[in-house]
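As structure tokens, here come the structures.
Okay, so chain A shows up in both of these, paired with chain B first and chain C after.
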Partner chain A sequence: MHRRISKQMRNEWYWGWFLIAPTILGLIVLNIIPIFQSFYLSFFKSGDFGKGNVFVGLDNYRKMADDPQVWHAVMNTFLHALMVVPFSIAIALVLAVLLNGKRKGKSIYRTIYFIPMVAAPAAITMVWKWLYNSQFGLINVLLAKLGLPKVEWTSNPDIALVSIAVIGIWSVIGYNMVLFLAGLQEIPKDYYEASDIDGAGKVRQFFVITLPLVSPTLFFVLVTSIIQAMQVFDVIYMMIEVTNPAYDKTVSLVYLFYNNSFKYSDKGYGSAIVMLLLAIIMIMTVIQTKTQKKWVNYM
Partner chain B sequence: MPANRFWPRMTAHILLIACAAAMFLPFLWMVLTSFKTVAESTSLNPFVVFPSKWKPQNYVEVLRQNDFLRLYWNTFAMMAIRVLCSILFSAMAAYAFARLNFPGRNFFFGLVLFQMMVPTQIFIIPQYLMVDAIGMRNTIFALVFPGLVSAFGTFLLRQFFMGLPKELEEAAKLDGCNIGQTFVRVMLPLARSGLVALAIFTALFAFKDLMWPMIVNTSSSAATLSSALAKIQSAYSVNYPELMAASVIAIWPMLLVYVVFQKQFIEGIATSGGKL
Partner chain C sequence: MMKKALPLLMALLLIVMALSACSSNSGNDPGNATNKPAGSGENQASEQPSEEPAEEVTLTYAIWDSNQEKGLRQIADEFEAQNPNMKINIEVTGWSEYWTMLEAGATGGSLPDVFWMHSNEIYRYASNDMLLDLTAKIDGSEKVDLGKFPQGLVQIYNFNGKQFAVPKDFDTIGLWYNKTMFDEAKLSYPDETWTWDDLYNAAKTLTKDGKYGILTPLHNQEGYYNFIYQNGGTVITDDKKSGYDDPKTIEALEYYVKFIQEGLSPKIYGDAERAEAMQNGLAAMGFFGSWNLTGFTENEFMAQNFDVAVLPKGEKQASIFNGLGHAIAHNTKHPEEAWKFVEYLGSKEAQERQAELGVAISAYEGAAELWVSSNPTFNIQAFVDMVDYAVIRPYSNTTAVWEDKAYEALLPAFSGEKTVAEAAKQAAAIMNESLAQEK
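After this line comes the complex of A and B, so read on.
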């Protein structure tokens, strides 16, 4: 059949192209080309005196495999995510369940929990660093009152990453909770009423009704939390200087990327590190979408 | 109230209050410390909770050493331009992706999705090199640059447009509106809550961003509040009362806006987060 393209259809095409043009042009210049450029740069060594980029083939990747800092960073990044993601999700979910329904003071609680989300991480980290201060920080002073020993929260290599994760959890609870509250509101009340009649306790209701039915929200929060936690930078940058004894045990992939690209100006090596981050995040995303079918119930 | 309902409720409130206290305490401590002298802030015996005199000496000092008016302006200009650009361009593209048929639609929308899946750090070095190449480092333009368009915003608003009923557009068409008029007069007003959500999301993200302004605007007169705090921290190192004063100066405007518009903030985040 001869397909005629009517004037009206053509008109719609032109409008479509016109409307997406700024966004698509912007995406190509700002994002798509840079992806290829980062990949390309990862085969070069940036000259010490600026312009001269020298092609080094796979040297940056070889260097990366032999660089203990890179392995530390991979390890720290995963450990950080392993601490932040489960705790922030569990606490947020419990709070959301407690707040769901007609809880007195619901909006006040919600407002307070959300405050860390609207403050700059640079400021937040500074006050936490002060709270963590080993000599004069509030936490150690209170520990001392209880007769407990002082803890080097930000410079003990075994503890610093936990201190960082605590800030991460604290910052994101309110955000996750707001998302969970929205998810919980979708669950029909009859389910709870029916199980009330059956005599099910609140804890059982949580596991049998709430958890399965909130699983789409849970999945969404899980995916975004993992990706966020894997890209941690601000808190570690503000808290741990390169000279900190806990640096090796806290440096994250993004912090390492920043240091190599902009502090030491080796943008080739920095690009190779960012490629590693890309690979890790892509693998995680694939795993998440594969396992999703096993436990997420879409109503 | 029957006794068997009382205790669960009390326990819930105690838990909720404990968490609220944990959320609030760091901010309280920030403000209290910002009014103390260094001696007070580091005196352990007796332990000082409140400053003996509520004198703004730390604020005076921090404001004297840093041009915060400039920082407010840089941050505000960056946020405002990013919000305007992302709303305008994202709404346009989102409407086309949601409602119009044209060749290449799926391919181009694929680009939008692809951008969202990639970690943002991968763009940073090339973006920096571009800004550097055109000699625009240490400008407001440099701060805005990565946020000129928004894949996330396009995706979010497309979801919004797809959720709107088609009848109104058809009515507009019958009234003789062309596609552009339908978009501006009918669809944009209907998507207002989506636009507000995107504006809040974009503004918050820009306000909190640390790495990009630090990289691209190294001169202190071109810094944002976030990147200036990082600088101030390395300059003052242990003078916590002054650091806390600087932090308070940096975050209070956003906190105030949040307290006034908290409903829009929380709903905006809930809708835009959930739509991702």
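After this line comes the complex of A and C, so read on.
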């Protein structure tokens, strides 16, 4: 009896491993090995074309600690995440709740909100760049029609990061919404029917039933959104050049990593910067997994 | 148990997923053998045709300017007609991505066979043996004679006495002006007699009704570099020190930034936005290199309203001058064929074709005149006239690094947060620091 179960178990194990093998292999080759390679490289002064790397110990990390630009980038990255994450989650959740019920044309709306996710980030940024154009952009033209002054959306150091965050929020809402919709479908209708009988209003239902029961999805969305927002690169890369006055106020850690690694060919320093980002994201994710017990309800 | 393990596992997976996005890029590891199979795989693909009886050889030719693709395609077609067994595959990649692509190719051993080289990058590629030494080939060639090219350009691509590229073209910077706006203001057009004062006065007169007289953005080659050399200043000294703290340089920068401070120039920073400001009649004058010619000619508004003149003179006349070269990968599978193509591109025949077709100002002696007649829309003779007193774009072994650092340091001067002198001194300090790290 005992033996037969373990045999069956083993069989299942084999199948399990077999089925996840492609993913695991992909992760190891494309993700895990490069992480360790980057870590290794961060202790070197990299030579050109991967030749002649010189071991420099912690020099890159020391240089990083003294580099005000890195700390600007850390600030900018946090600020960006702080703007994008709460807004994108709140808006996506509200939209998901609205589009979850029986409503005419809800699949059309769902499609519309999801479209930004399908378009390439570079293409999206191009369009936003035109909208934001300080001289001829649609937004400023409309402002001028209303008699308002022109705004330098992408070159005013105080505004540029907000402009970038708006693009980030806009493009991620649809994705988060779809995840929330999936979470909402899991909630049994009985709760709502019971609370209807008890006389609870829609708003109260949202806070007392929907929010607690969708919290596992919320947790997932929160963790992924933060990681994604911390890695912001393409929008800033395409919109903010080094000659832009807002450069210091918008440069993100990944942008700085890119510039150092590929533009200035200092891959060792670039790797050190990306290790800093890794550490930050890791700490934040650990904190979130630790504190989730307090607010996430697994049914 | 399961409930606890699942979220933890999920979080772990997420971290891995998240990191991959940035880490996978830096996977070009020192001497990493795993890169090689990909490269050789590509080579095999291009080798396959050679197994056929015709023995056709396909060369990849990498460039960064899509404006030149059409004309170069025509030249390549003519080359193919003369060499029926060869095919040229032109690959265009935008300027900044071009260098990322080339570096990845060099690291992974899959460089294009023939590609454009630039003064900013030649040192890195030449000193690391990424380019084929062309010295002997040029010496033995009947078609290519380096004596027919401007010596400054030839020198750029000479490293330790070896020649690594054959000059392709050159470019200078011109003063583009809106004729219609000049007519309306009853001003005479800029010409070779113009001085800095004339430029300033014209900019002042032309600035009105929400239009700006001039465009002076934070741009080195198509901007303040020209003024620095017109004022007798320098960006980099002969012993590789920064020239930003030279009083003459600071004086020129002050003159240049004054246009922005006094509101005579719009505050425009992006590269694309600079051209837009001209094409929408926002600014009456602007500085643009000769490589913009195709784009400007195709723009109806500019073709109708604009013309180009030589740069105004400060203490003396000057324009920044640079030129590309054709280089061959050190590990190309077809060195003979690649040289044949580069030799052709550097020959009198192809250089003249390049000029006639208006692709770029051919570097070959006398070919520039053909280029001038290729474009009836603008007075492009101005670009060729400036060659006599043109200054080679300042460069050293790590140009790309200190150019960006200098931009970052100079920004506060353009936005008015710092005085020009302060910012320039900061630029000098940071540039010297970067230069000190050069090998």
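What we mean here is this: the second predicted complex is superposed on the first by the 262 of 299 C-alpha atoms of A that agree within 3 Å, B and C clash if a C-alpha of one lies under 4 Å from a C-alpha of the other, contacts with A are read in each partner's own complex, and residues count from 1 in each chain.
The definition used in the following text is that a residue touches a chain if its C-beta (ideal position, glycine included) is under 8 Å from a C-beta of that chain, and two chains touch if they have at least 3 such contacts.
Everything quoted here is computed from the prediction, not taken from an experiment.
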First, second, both or neither for A:Leu41, with chain B first and chain C second: both
Touched partner set for A:Arg110, first chain B, second chain C, both or neither: first
First, second, both or neither for A:Ile32, with chain B first and chain C second: both
Chain B versus chain C as contact partner of A:Pro212, first or second or both or neither: neither
Touched partner set for A:Ser155, first chain B, second chain C, both or neither: second
Contacts of A:Trp17 with chain B and chain C, given as first, second, both or neither: first
First, second, both or neither for A:Thr224, with chain B first and chain C second: both
Contacts of A:Tyr264 with chain B and chain C, given as first, second, both or neither: second
Which superposed partner A:Leu278 touches (first chain B, second chain C, both, neither): both
Comparing the two partners chain B and chain C, which touches a greater set of residues in chain A: B
Common ground on chain A, meaning residues reached by chain C in one complex and by chain B in the other: 27, 30-35, 37-38, 41, 133, 135-136, 220, 224, 227, 231, 233, 254, 257-258, 261-262, 267, 270-271, 274, 277-278, 281-282, 285
In the complex, chain A residues that touch chain C: 27, 30-35, 37-38, 40-41, 44, 46-51, 53, 69, 133-136, 152, 154-155, 219-220, 223-224, 227-228, 231, 233, 241-245, 247-248, 254, 257-259, 261-267, 270-271, 274, 277-278, 281-282, 285-286, 288-289, 292, 296, 298
Contact footprint of chain B on chain A as seen in their complex: 9, 11-13, 15-17, 19-20, 22-35, 37-38, 41, 91, 94-95, 98-99, 103-105, 109-124, 126-128, 130-131, 133, 135-136, 138, 141, 144-145, 170, 173-175, 178-179, 181-183, 202, 217, 220, 224, 227, 230-231, 233-234, 237-238, 254, 257-258, 261-262, 267, 270-271, 274-275, 277-278, 281-282, 285
List of chain B residues in touch with chain A within their complex: 8, 12-13, 15-16, 19-20, 22-24, 26-27, 29-30, 33, 41-42, 44, 47, 88-90, 92-93, 95-97, 100-105, 108, 111-112, 114-115, 117-130, 145-146, 148-151, 154, 178-180, 183, 204, 207-208, 210-211, 215, 225-227, 229-230, 233, 240, 243-244, 247-248, 250-251, 254-255, 258-259, 262, 265-266, 269-271, 273-274, 276
Chain A-facing residues of chain C, complex: 3, 7-8, 10-11, 14-32, 96, 99-100, 103, 106-107, 124, 127-128, 130, 217-219, 266-271, 273, 276-277, 280, 282, 398, 400-401, 404, 407-408, 411, 414-415
